[in-house]
Amino acid sequence: MSALSAEHATIPVMGRLAPHTGRTELLAHIAEAARQIRIQDLKLVHYAGAGHIGGDMSAIDILATLYGAVLNVGPDNVEDPERDRFILSKGHVAGALYTTLAAFGFIPVEQLATFLKPLSALNGHPNRRKVPGIEANTGPLGHGLPIAVGHALSAKLDVSPRRTYVLVGDGELQEGSNWEAMMAASQYQLDRLTVVVDRNRLQQGATTKETNDLDPLQDKAAAFGFAVVEVNGHDHGELLDVLSSVPFRPGKPTFVIAHTHKGHPISYMSNNVAWHHKVPSTAEFELALEELEAAAHPRFAKEL
Amino acid sequence: MTEILTRNESLRDRPRFDCRDSYVKTLSELAEHDHRIVGVVNDSVGSSKLDAFKKSFPDRLINVGIAEQDMVGVAAGLANGGRIPFVSAASCFLTARALEQIKADVAYSNRNVKLCGMSPGMAYGDLGPTHHSIEDIAWLRAIDNMTIIVPADPVETAAALRWAAEFDGPVFIRVSRMGVPQVNADDYEFRPGRAVTLRNGGDVTVISNGTVVWRALVAAELLADQGIEARVISMPTVKPLDVEAIVAAAAETGAIVTAEEATSKGGLGGAVAEAVVENHPVPMRILGVPEFAPTGSAGFLLDRYGMSPEGIADAARATMARVR
Amino acid sequence: MSALSAEHATIPVMGRLAPHTGRTELLAHIAEAARQIRIQDLKLVHYAGAGHIGGDMSAIDILATLYGAVLNVGPDNVEDPERDRFILSKGHVAGALYTTLAAFGFIPVEQLATFLKPLSALNGHPNRRKVPGIEANTGPLGHGLPIAVGHALSAKLDVSPRRTYVLVGDGELQEGSNWEAMMAASQYQLDRLTVVVDRNRLQQGATTKETNDLDPLQDKAAAFGFAVVEVNGHDHGELLDVLSSVPFRPGKPTFVIAHTHKGHPISYMSNNVAWHHKVPSTAEFELALEELEAAAHPRFAKEL
Amino acid sequence: MTEILTRNESLRDRPRFDCRDSYVKTLSELAEHDHRIVGVVNDSVGSSKLDAFKKSFPDRLINVGIAEQDMVGVAAGLANGGRIPFVSAASCFLTARALEQIKADVAYSNRNVKLCGMSPGMAYGDLGPTHHSIEDIAWLRAIDNMTIIVPADPVETAAALRWAAEFDGPVFIRVSRMGVPQVNADDYEFRPGRAVTLRNGGDVTVISNGTVVWRALVAAELLADQGIEARVISMPTVKPLDVEAIVAAAAETGAIVTAEEATSKGGLGGAVAEAVVENHPVPMRILGVPEFAPTGSAGFLLDRYGMSPEGIADAARATMARVR
């Protein structure tokens, strides 16, 4: 296995589509972005010999939808106070975030080749002091939601339309800090805050059900004052619709349960807890690459 | 170096101030002129004395409820949105309960958040060790990118706050509750990382901060009566540390006593000890609280742990005696 | 105002009633215990010049019911591994707990006169290393429930019938640690664990509703896997019934929402947030004492 | 004082051990003989290498999920019920996230809970500062009633665990992940608060623990080649501290270097500095990690912060040069 190098940083930079692009075109754009991000992420993890590939794959459709068609943030306005904010709370999928940021031009594609290397800006968890486009240094679970609540509060104080999105893992929701933040979000009626849960039903060592069950998750979130929506987290159309609907219910923050599979759509990896942070061997890598490249058709993602 | 040489005998009898009053007054003034400033509390409006602030700026006092992790995370998010949050909460809960948020969301993320630890040390003396915040300084000192300020009186509290509001980055300020007399001049200017020599002397040095500074000054008077000239250094900034002032004190006086309303392991005393051995080793005595303290008022407990003026003077003499 | 001294430690020691005592007698016993504890607690706070009287009064009927007729723990078996455990999570009402422990013989009544004094074992929050009968050193909110879960787990591992009770404040439930513990309690099906919420709708500085609303609290607890019961937290009969029903629903931990009034039943204090930790003046003290002494009839407590 | 004088040149090439393996093997043996022992984890079965333990004792491995506050509270409750919980979680989260539970529920409540900080220091080197647990020792050292152990190798890890299982009270043990060679004898006996002199020498002393001990031993060889006899002290117990061994080293060698896989502010170095100034001031150099470290493996970062054998030897020479 050769070490990660410039030749493995191959993702094409995807432009943002013009405003008012039609839905079909948007979805095709997101699908292609997701496909490219997956291919690149696979290469990063394989060649770097580390990373959280299961959670990466699980989250990439959400990331691609947000950066490809929802967030009003790009390389040109990354410091604009009025930009939308996206906070990756499940910071262990930094590899997927770096790849997404490269795909949309926030960081040079070549920089991806430094992933996890000594003195690289791209360590295993995002660092806003070194990587443009990152809003919070996450990694310890249960930090992103409070930060998102704080930002949404600042927008409310500013009477600004800017939106706040935060992606949390489902296992992550076992951290009490999230529930503190959710109480506050509903108390302050932060209806421009959208929490997306990557509901892959797996955590580090086992299923969420075996560990500390979250169900009925909808009831929990509703009882904490959120408007709850469930979507197929690999269906860009469903994601696009809900993520574009802000506020979803006036006066309430939104809780999107995005049903996903860890490792999706790689056959041997999908919904397999072993792949939380396993690294594909060369044979596994080849197979995954083949499957991902074949996934050119956006509809593929829907076969959940 | 500013030098304020006063006769301090009467400090024992001078009026005492709760620094929270200075805190709230200054914060309100700052907020008046800078709309970015907001308060963030954990059901601690009353215990932070923020009622007046709340009245003046009802929208700008954010009470997240009894939830310290959320409080600090929310502050980091507010800072991301361009606000300057002053988190006001009992120091014991702010630091113990939200330490990872302080490390990751504030310090490592380099967010412009001001953490104001109210009623620190043993201010809640009779509420017991769960409410004693003697560990806060040692805990935060271990974290990179964190400025730690322990003001000695209302003047320094106000000055430190004004500086913190200007400075773009993480700051922790300990806001004392136990009454203290004014020890700094009215026109005192705070500079981060700068020690203040409140009294000159060449025989021994007492370095302290917070509620112990006036006690150190009175100790120096007691020593003077015995012909010992003690240098009294106030060290409001525990981090970054004024190593130069410490090294000068070591070189010029040959013996150092530190005293603080905090643990004797890893706080101001520990910081000074590290600087001393790395630069100019001299005998030291580190006064502080070495254990879970028993029930009692903060003053009672400070005295008990050798931080009465007499206790500090004794420690100074004993440390001088160790100089070879 | 004279300082707290031995003459203010006047509570009579209440014996435990014989097993199988009839319900009427039990309730009279609890009512008298509660009345005596209130009178003594009032004296402690007034003469010591500190304490959390509002939350004390709110919780005393619950404490009197538990120690008077529910818990199989007394001065003689305070170290028995098979004793029931009671954990006071809202540790700021230590004064009420000390008074209760004195009332039931765990500590000498005279010791109450040391409340908050220099070097006293009775500081403002309970310390198990110094006071027999205390199970955990609480004070910071949100600690008792996880500890109770741990104890209930130990009982389950031991296949022991011993029960675990924990009393939490309602404001306290804003701490995320509670929700972490509740998830684990239902995951482990700890049906011999009873969480009692002192639902007085006030916290330190305001109502829970203004601060960080907990409603719908029943839905929250149910969604976290608890069997939920609501009772009048000043009605000893309702309390006795539910606290004696363990398990309440087999396989589920129990969440008792005890509706209370902070400061109950003192006229000027009841449901008044100012009394979180205010100290009654001499005139206020006299009035309160009069009211409490008049409350001899157990039914008084029901006039919520 | 046990003395193991070996020729350590070859330590660089000796087999390296992940102390988690020793941890799990010992814990399983202990659990076999004492039914009170249980494991408590935060979704950290794999990262604590506890799969075998889980297989042997399925009911006695309690996974509370990703919830560190609950984890430590639950451990305190289990101890109340007569169990001996060994909490096993990444040291960064265990200490940062549950610090108030450690203070109140474990230390102040004096509960028989063993806190096992897995993969501490910079073991998660390339995962960044959120996952570096360099502050853990300084944080816990500020808390009363807490024994802190940092074993240097698999032998010491096992010995410390066996001691902790017998001892009735709070203990924190750091369980290293970064590979280390064996530095203690096979029949090594752990005693709390006792330093281990691994090499005698009168010119300078290097005090270290954990993953840095073997580096200190190699440094001593490098120094010996230059005619400098360095004393190498392993200090597995940071609290309580072996003050006697430190004072003897100060008196007999006149210069001390400390080195640890942890912050340079308030950890082992700070503890030694405090003991030194209070008893026998001599020049010291405190090696550690002074900042949020950049990306890199633990070994790379240790070298970077002057804790390669060469770096330690350099520091020793420089410190000796300061002796007056």
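Here the chain labels run A, B, C and D in written order, and each chain numbers its own residues starting at 1.
Everything below uses one rule, namely that a residue touches a chain if its C-beta (ideal position, glycine included) is under 8 Å from a C-beta of that chain, and two chains touch if they have at least 3 such contacts.
Just so it is clear, the model here is predicted, and its values are computed rather than measured.
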Determine which of the two chain pairs, B-C or C-D, is joined by the larger number of C-beta pairs in contact.
C-D
Roughly how many whole angstrom separate the Cα centroids of chain B and chain C?
37
Inter-centroid spacing, chain B versus chain A (mean Cα positions, whole Å)
42
Using mean C-alpha positions as chain centres, tell me how far chain B is from chain D in Å, no decimals.
30
Counting only residues that touch at least two other chains, what does the list for chain C look like?
127, 137-140, 142, 174-177, 180, 183-184, 187, 211-212
Which positions in chain B touch two or more other chains at once?
64-65, 67, 69-70, 93, 96-97, 100, 104, 108, 129-130
Touch graph across the chains, line, ring, star, complete or other?
complete
Which residues of chain D touch chain A in their complex?
43-47, 63-67, 69-70, 92-93, 96-97, 124, 126-131, 294-297, 300
Using the touch rule from the top, collect the residues of chain B that touch chain D in their complex.
93, 96-97, 99-100, 103-104, 107-108, 129-130, 134-135, 138-139, 141-145, 239, 256, 263-267, 269-271, 273-274, 276-278, 281-286, 290-292
Chain A residues within the chain D interface of the complex
50, 91, 116-125, 127, 137-142, 171-172, 174-176, 203-206, 211-212
What residues on chain C touch chain D, complex-wise?
81, 85, 127-129, 135-140, 142-143, 145-155, 157-158, 164, 176-177, 180-181, 183-184, 187
Chain C touches which residues of chain A in the complex?
174-180, 183-184, 186-187, 211-214, 216, 219-220, 222-225
